[in-house]
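Each chain gets a letter, A, B, C, D, E and F, in the order it is written, and its residues are counted from 1.
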Amino acid sequence: MKSSTLPLKLSHLDQQGAARMVDVADKPIQHRVAVAEARLTCQPATIRALKAEALKKGDALCVARIAGIQAAKQTPQLIPLCHPLPLNKVSVEFRTGRDFIRILCEVATDAKTGVEMEALTGASLAALALYDMMKAIDKTMVIEGLRVVKKEKR
Amino acid sequence: MKSSTLPLKLSHLDQQGAARMVDVADKPIQHRVAVAEARLTCQPATIRALKAEALKKGDALCVARIAGIQAAKQTPQLIPLCHPLPLNKVSVEFRTGRDFIRILCEVATDAKTGVEMEALTGASLAALALYDMMKAIDKTMVIEGLRVVKKEKR
Amino acid sequence: MKSSTLPLKLSHLDQQGAARMVDVADKPIQHRVAVAEARLTCQPATIRALKAEALKKGDALCVARIAGIQAAKQTPQLIPLCHPLPLNKVSVEFRTGRDFIRILCEVATDAKTGVEMEALTGASLAALALYDMMKAIDKTMVIEGLRVVKKEKR
Amino acid sequence: MKSSTLPLKLSHLDQQGAARMVDVADKPIQHRVAVAEARLTCQPATIRALKAEALKKGDALCVARIAGIQAAKQTPQLIPLCHPLPLNKVSVEFRTGRDFIRILCEVATDAKTGVEMEALTGASLAALALYDMMKAIDKTMVIEGLRVVKKEKR
Amino acid sequence: MKSSTLPLKLSHLDQQGAARMVDVADKPIQHRVAVAEARLTCQPATIRALKAEALKKGDALCVARIAGIQAAKQTPQLIPLCHPLPLNKVSVEFRTGRDFIRILCEVATDAKTGVEMEALTGASLAALALYDMMKAIDKTMVIEGLRVVKKEKR
Amino acid sequence: MKSSTLPLKLSHLDQQGAARMVDVADKPIQHRVAVAEARLTCQPATIRALKAEALKKGDALCVARIAGIQAAKQTPQLIPLCHPLPLNKVSVEFRTGRDFIRILCEVATDAKTGVEMEALTGASLAALALYDMMKAIDKTMVIEGLRVVKKEKR
């Protein structure tokens, strides 16, 4: 079996296993978009509390949105081997269910490398900022399903 | 039904729904510990690639560990309503299964408020740093079950 | 005249005029509060646009509030000779007039030195974040009257 | 009256009022310059103290200049919806009057979006760094007239 | 003698001696590479301790490598007059002698200005991170010979 | 020989060699001071250029001083396993010889752990900021002798 004798190679480590930022010098600048999502599961009463705040124009979703946008911009400081990139756009969106909130983060760039880590980092920190605001009323929350749901370049 | 007419109140928003850092002036300084975990699910071949790197003393787990430790220290910059705290300790640990890696982050402080957000942020960024290094060989990865597994004060 | 021959001495510069962080080792830890304000002047139509967003539960004031809170926490990175301090509380409040928005930022700590720079930095960045969101519709905005309005210790 | 029934729309908020970084993908890269100014008003004796330091080659104006330059570079971390941009140049200049200091900050880039927020942030933090150094000798200082005085692209 | 009457002029200061970021608007974007090195001298027993950790797959060199890579990316926040640049690549390498460790940091970009400060900052922080991990067992360490060893553009 | 069979153990790595922030919970808060130095060697003409700037009240030394002070405050972000600490004081001093500049950085705290890494980081970045300003006129500069010269607690 090939896979056990010759395992896949991690691109961010060199032949000696040393971490490095991969050289992207020869890659073309392309328009790239990525969308990541996460799902914060919680008690139905927590969703009701969040909606009650929203009815009063409360800041809860906005705080999480800004946390996600700011985190996406800081990705190269947070993920050690990520390249610093200019970003054209970052947006964060929420969809509430009966006992969960879905968080979607979309990032776009014109760059030599993609923005899936930016989208994942944005979705993750938006979810954590929500968690922070709701943790006093709900001890059951879990963040599930943090993944990339769209990745395009052209 | 009480819960719909009088929903729970988010502590980080004031009566008008405005976000604020909660005043912790009157809380006592206590020794506080929190542990959070996340689970990065992936292909079995990805686990084999990661272990092959480890056999060669590769840096993959170390990079993720440092990402988690650094993120835990930066939590007040990342989570808008978190208080800046001195930290006594941050550690990140990994346990690999056949098709997943469990990430555990422990944080300790002597402070007026707890460190669960620091532990969650550390676990989340450690998982994302692993994701970053393995994303070229595995398009199926998802981060699941990011939650607090221990919280103590004395 | 004494003041011209023997001018006042800047505390942050030593005898040779070299900048330094003043040594606060011998100062007692005290509870300290500071409030700063700024006034963003603009067209009445801009205030109406801001209120229309608020009626729709728009994020404008929240974005500015988070910018102010985050900036207050980052003051020691922004003001070169400021000491890093733990903060008990940061809050930002807005009051709209016909053609201006008043921004108030309150910061509290238990520390060896005060938080007026944190309050000023928070008020300033909250005002600038508002400016950023409204600059496409109003070319006449000016930030006036950035000052400390309250400073206490006990 | 049109303006009250159909108020101006804030570009940084979407139809639902949610904050986002505006997508600049389709904007051309242009050479852009912005200059912002602020005026720190103070006691005449404070200006004399500042000039006395300058005669001794004191660092006061330099500290403020560096605070402004560093803040201009950090604008995307400070203003939540600002895009990260490469900067060609940042400079900060001071002009003292009898009872005020004028602070000018100029920023230039080749980018898809302008640098007025960078210039305003630079001027604001330069003024605040001066305030910090002089606050022990003058309790009357106020920062006035923070505005954009020049904005060009070609 | 020309050099004493007309000394060399520092490019980062204007005619009045004021610090500024040099304007790079008219410089062409070129491919640029820089390599810097530093040498951490220590006791032979410290080198043996480091190698013993390496044999156990310990994280010591990896921690230093990540410190160097992260610092190289943060150079414009650390060196006041440096321009923010996109980076194509950062790598850090170690070579151990009997009583020293040589640290090499290579940085590449396509930009209007070079990356020697990024390479020096990376080498310096990688050396300091090693120092931090070994300081409990060796009080004799010194960092020597921090310099640029290669600088190219095309 | 004992030292080869039982080498010294790095305190920042656990039994498995994993990096961690050492737990300082049980250490007492003490007053701690550290001084580090570095020596930037250069051409005599470069020293003359620097002094000529100083005569004109140029900013060169001030820029380096602020770079050192700011870097000392950011040490926990730069050195992965360092603890975030409150600092009582940071100062940076320069002494010029015929063909070198000595940089001294002093840091003081009341904390559970020392500040030698803060002093070393401050001295290193102050030296690098000087290097940056003088690199256009001198290609021979090297930073030597970066070490701790004083460390006290009481």
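Annotations for the structure displayed:
Going forward, a residue touches a chain if its C-beta (ideal position, glycine included) is under 8 Å from a C-beta of that chain, and two chains touch if they have at least 3 such contacts.
Since we're looking at a predicted model, the values are computed, not measured.
Touch-path distance (fewest steps) from subunit B to subunit D is 2. Chains touching both subunit A and subunit C: B, D. Subunit A and subunit E touch with mostly distinct residues; of the residue numbers seen at this interface, under half occur in both copies. The pair from D-E, B-E or E-F that reproduces the interface of A-C, where over half of the contact pairs by residue number are the same, turns out to be B-E. Centroids built from CA atoms put subunit F at 31 Å from subunit B.
Subunit A and subunit F have Cα centroids separated by 36 Å. Within subunit D, the positions touching two or more other chains are listed as 18-19, 57, 59, 62-63, 65-66, 70, 74, 77, 80-81, 84-86.
The touch graph of these protein chains has some other shape, matching none of line, ring, star or complete.
Chains that are in contact with each other form these pairs: A-B, A-C, A-D, A-E, B-C, B-E, B-F, C-D, C-F, D-E, D-F, E-F.
Residues of subunit E that touch subunit D in their complex: 14, 18-25, 76-77, 80-81, 83-86, 111-112.
Within the complex formed with subunit F, the residues of subunit B that make contact are 31, 61-62, 65-66, 69-70, 73-74, 84-93, 108, 110. The touching residues of subunit F, counted against subunit E in their complex, run 3-4, 7-13, 16-19, 38, 45-46, 48-53, 56-60, 62-63, 66-67, 70-71, 74, 77-82, 116-117, 120-121, 124-125, 127-129, 131-138, 141-147. Of all the residues in subunit F, the ones that touch subunit D in their complex are 54, 57, 59, 62-63, 65-67, 70.
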